[in-house]
Amino acid sequence: MDLQSLYQEIILDHYKSPHHAGLRDPFEVEVHHVNPTCGDEVTLRVHVVDDVVVDISYDAEGCSISQASTSVLTDLLIGKKVDDALEIHSTFVELMQSRGKVEPDEDILEDGIAFAGVAKFPGRVKCALLGWMAWKDATARVVVDVEGSVT
Amino acid sequence: MDLQSLYQEIILDHYKSPHHAGLRDPFEVEVHHVNPTCGDEVTLRVHVVDDVVVDISYDAEGCSISQASTSVLTDLLIGKKVDDALEIHSTFVELMQSRGKVEPDEDILEDGIAFAGVAKFPGRVKCALLGWMAWKDATARVVVDVEGSVT
Amino acid sequence: MTAVEAPSHGLLDTDRIRADFPILGRRLDGDRPLVYLDSANTSQKPRQVIDAMTAHYEQINSNVGRAVHQLGDASTQAYEVARVKIAAFINAPDASEVIFTKNSSEALNLVANTLSWAHGDHAVGAGDEIVITEMEHHSNIVPWQLLAERKDATLRWFGITDEGRLDLSQIDSVINDRTKVVSVVWVSNMLGTVTPLETIIRRAREVGALVVVDASQAVPQMPVDVAALGADLVAFTGHKMVGPTGIGVLWGRTEVLDALPPFLGGGSMIETVTMGGSTWAPLPAKFEAGTPPIVEAIGLAAAVDYLSAIGMDRIASHEHVLTAYALERMRELPGLTILGPTEAVDRGGAVSFELDGIHPHDVSQVLDSLGIAVRAGHHCAKPAHARFGVQSSTRASFYLYTTPAEVDAFIDGIHQTRRFFKVA
Amino acid sequence: MTAVEAPSHGLLDTDRIRADFPILGRRLDGDRPLVYLDSANTSQKPRQVIDAMTAHYEQINSNVGRAVHQLGDASTQAYEVARVKIAAFINAPDASEVIFTKNSSEALNLVANTLSWAHGDHAVGAGDEIVITEMEHHSNIVPWQLLAERKDATLRWFGITDEGRLDLSQIDSVINDRTKVVSVVWVSNMLGTVTPLETIIRRAREVGALVVVDASQAVPQMPVDVAALGADLVAFTGHKMVGPTGIGVLWGRTEVLDALPPFLGGGSMIETVTMGGSTWAPLPAKFEAGTPPIVEAIGLAAAVDYLSAIGMDRIASHEHVLTAYALERMRELPGLTILGPTEAVDRGGAVSFELDGIHPHDVSQVLDSLGIAVRAGHHCAKPAHARFGVQSSTRASFYLYTTPAEVDAFIDGIHQTRRFFKVA
């Protein structure tokens, strides 16, 4: 196994200084996700205004991979329209589940392409997806809440 | 496996015409024993007077081995003092659990020696012991009952 | 000199298949070849299954779902691929609907127990009714008796006709608005009967009852499609389908499994644990507490690979042809009464019978001396035996490696048994 | 260039032992030899165990306790001889006190569930108290949480001291007249701590509480004598003691097991079954519903034969010497904090630790790239991790085949890990 392909410099950088870390107000939904295998946790808040992801804030405990991928997530999705963010989400999830067989698209995933190597380590895919799954869950609830309040 | 050593003529005779079969009065204790493996059953009554086994009566459903051994049991034990009957019981149980390594004593076991071959068939030992275990259980309860009524 | 001709169509290439099963080459006492007619009790295992387990122990062995090292990854992947294969084998919509248990019995107890603990729709309480049948294996009777007793519910059942079929004449009253769960065997291990599941499931659906199917004898014998079946939960067991001991399967619809509380508590089935309380992992982990039967799951996957390569439809045909042949030849045996359907219609490959004047234990003993292994006893189906007024019976059962010549040996053996006990 | 000298006394002949374990000869990625330091998770298996199971499948395979044919007799005998061997291994007064389960977790759930259904002395009801500890494996926490919740009982526990020992300072109030059952781990799988069972059992006896011991990490590591121990019920698991997956053991005193109601219902655990009700078989069958893990029991018997031939006292000494060596060498590692006792006193061979600035997942990943298999995560002991303010840790664990050279490789690996993550 090629350790360098797993621990790309970009990942270690995000791990050492995660972007957008910490829990902030305002937010509509907060979720708490756990990786039952290793106990890694993330508490994540989303703030959506007019279908735009205005903020994603979080408090995470976990390994370099899960920390860095949550950090990259915030870089990628904050400021995007929810629909576009969901597109990026799908692209990232697909990359992670590809077992290394998908070529990552830097235009879409930016720093996220650094995780291509993680896809070759089945035991670490869950780490890379922890924050992403939490964000999707939270966002789905925002949409329900909003739609719920409209009707 | 030597079928003839298992199905001695004596056993088949007892099977065809079991001795002392049927349930009779008077009796002190009736027990019902089951071989959970195959479902063989025996209902057995004991009548004990002044420490003597006056009668053993039974209603049994089962294979040739279990039927014949219950029949032989009644031949051997009816009329004996309880203590002597328990001795014979031990001798028979020991024979059955010997895996064929004990030489049966005809003076004590009479027709019961025919079961020496059964001891070599581990799957059939339970059959041969069904009636004997029932008798011991019933007799133990008579003794308790009697002692119970004395105090 | 038999009047009935041995079948020549619809059979498998047993020469090739038998070569895969090491035990079938073994000799018994008196240098007799083994004629194994006890497959409904447990099946034999091909070397493909044995080798898969050995290879795992020798090269990959490690715990699953817990370690990030190479062995742990490989072991986890093998275990989860096994789940996927078994899901595909029964056409489960989702692999996470396949729960590994230790046998069918545990799978059925899992359902009965979680229903006793359930809140909401599936909760079984006082006055609720549970429906089973008189032809169930003890493993599909006792768990429901215990549930009924613990929750003060009522246990009801379908009886058996003289021909060994389910008596569904009162189906609309037996399954009624109070019925919370209906649990039925698919293929009886004693009578061989294939039950009319479609009719039962349709009625259960009308009253909104949960349907549990004991497929312990069905999955080994015929193509099974749980998606098409329409039941909620289906139990089966590895050792009867050329797989290892120590593993069974509960398949359940996601909505149902999600709605049930967990069964056993412990490692791997949790999301989080504090001293004050715990939450549960999603399916399938929620129902798999502790280290699962890892190597057994891998063995079972090798077993379904083996069966699939031959084809379940062809295995079903083989069983059908052999059973028809056996039933026909058994007619020539005086004093023999078959318990269960006497025609090979809606019928599996287990044939139980009585022989006048000779107790089943004695029948099987004489057959055993000839190298023929059959089962004698109540086959864990006492109520079905009681229904026919007997305590026990002898049972011959067939599988993909059984040959017509073995059926012939069995028939000859019965003739010899009758001579030995002088009833001929 | 280490200051600490590798031990030379009290160790087993690992060259000879390792030759018995096929997997230890395997190469990992990059042609690295396997350094397996995850035995507390699951142990590796010697060929003697693998071969015993293969031989059974190839020559004897048949169901147990049900058939009168030669294979059935042989299989039943092998299964019951396995029980006798395991009873002897733990010095159980009677083989029928050995119940085969699928793993430790099931054994512990068996106890918790039957207590929830028990009537009389052992019944756990509202207001009753159950005592466990903060260092339990989830499998000895969750079953008791579920029991407490279902019966409205109260769960209490002993905390952990900073040194990773049980805090028994309040023992007389924690275990009191309301205590019905005390369930304690013998050797912690996370902290390595050997608990002072004698003290706990003595106090439990004073108040008449039932004592359950989770011996999952004890039975593999040291001589165990359940007769001398004084507990009522003891659980352990096959796969951690060079045995197969799919099997565990519950030992219980006859009076206790007799007094408890059955656990799972079904075939083999009954005396008689009618549609109206059932009665139970005597021990051990009463607690073994369905086809048991037959071949797994035979594999476990081969495992105890293997361990006994080496000698459990010598295995304990080997673990002790290796653990002491590892603990000593770990002191040279900057930023490393051991969770649990730092001296090899009343301590088993599992060492969990934190490494400043590097998450356990990342530690184990780097070690894995070097062929060193350790465990990272919560080791199914979240409360014990929470006690030390961490979510997870890295754990190295040793067994009879581990060598001082492997400990050295591990220490080197940690140095490399620190360099890789630039904390060195």
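Think of it as A, B, C and D in the order they're written, each chain with its own count starting at 1.
Keep in mind that, in the parts below, a contact is a pair of C-beta atoms (placed from the backbone, for glycine too) under 8 Å apart; a residue touches a chain by one contact, two chains touch by 3 or more.
Values in this document were obtained by computation on a predicted structure and should not be read as measured data.
The chains in contact with chain A and with chain C alike are D. Between the interfaces B-D and B-C, more contacting C-beta pairs are found at B-C.
Averaged Cα coordinates give chain A a centre that lies 76 Å from the centre of chain B. Computed from the mean C-alpha positions, the centre of chain B lies at a distance of 45 Å from the centre of chain D.
Spacing of chain C relative to chain D, judged by their CA centroids, is 32 angstrom.
One finds 37 Å separating the Cα centroids of chain B and chain C. In chain D, the residues touching two or more other chains are 29, 66-70, 72, 268, 270, 272, 361, 365, 368, 376-377, 382. For chain A, residues that reach two or more other chains under the stated contact definition are 1, 37-39, 121, 124. Those residues of chain C whose C-beta lies close enough to touch chain A in the complex are 65-70, 72-73, 76-77, 268, 270-272, 281, 285. Those residues of chain A that touch chain D in the complex are listed here as 1, 3, 6-7, 12, 37-41, 61-67, 121, 124, 127. The residues of chain C lying in touch with chain B in their complex are 29-30, 359-362, 365-366, 368-369, 376-378, 382, 385, 391-392, 420-421.
Residues of chain C that touch chain D in their complex: 22-23, 26, 28-29, 34, 36, 38, 41-42, 44-45, 47, 49-50, 53-54, 57-63, 66-72, 102-106, 108-109, 112-113, 117, 134, 137-143, 145-146, 150, 155, 157, 237, 239, 244-248, 262, 264-270, 272-275, 277-278, 289-296, 361, 364-365, 367-368, 372-377, 379-380, 382-383, 386.
Of all the residues in chain B, the ones that touch chain D in their complex are 1, 34, 36-39, 121-124.
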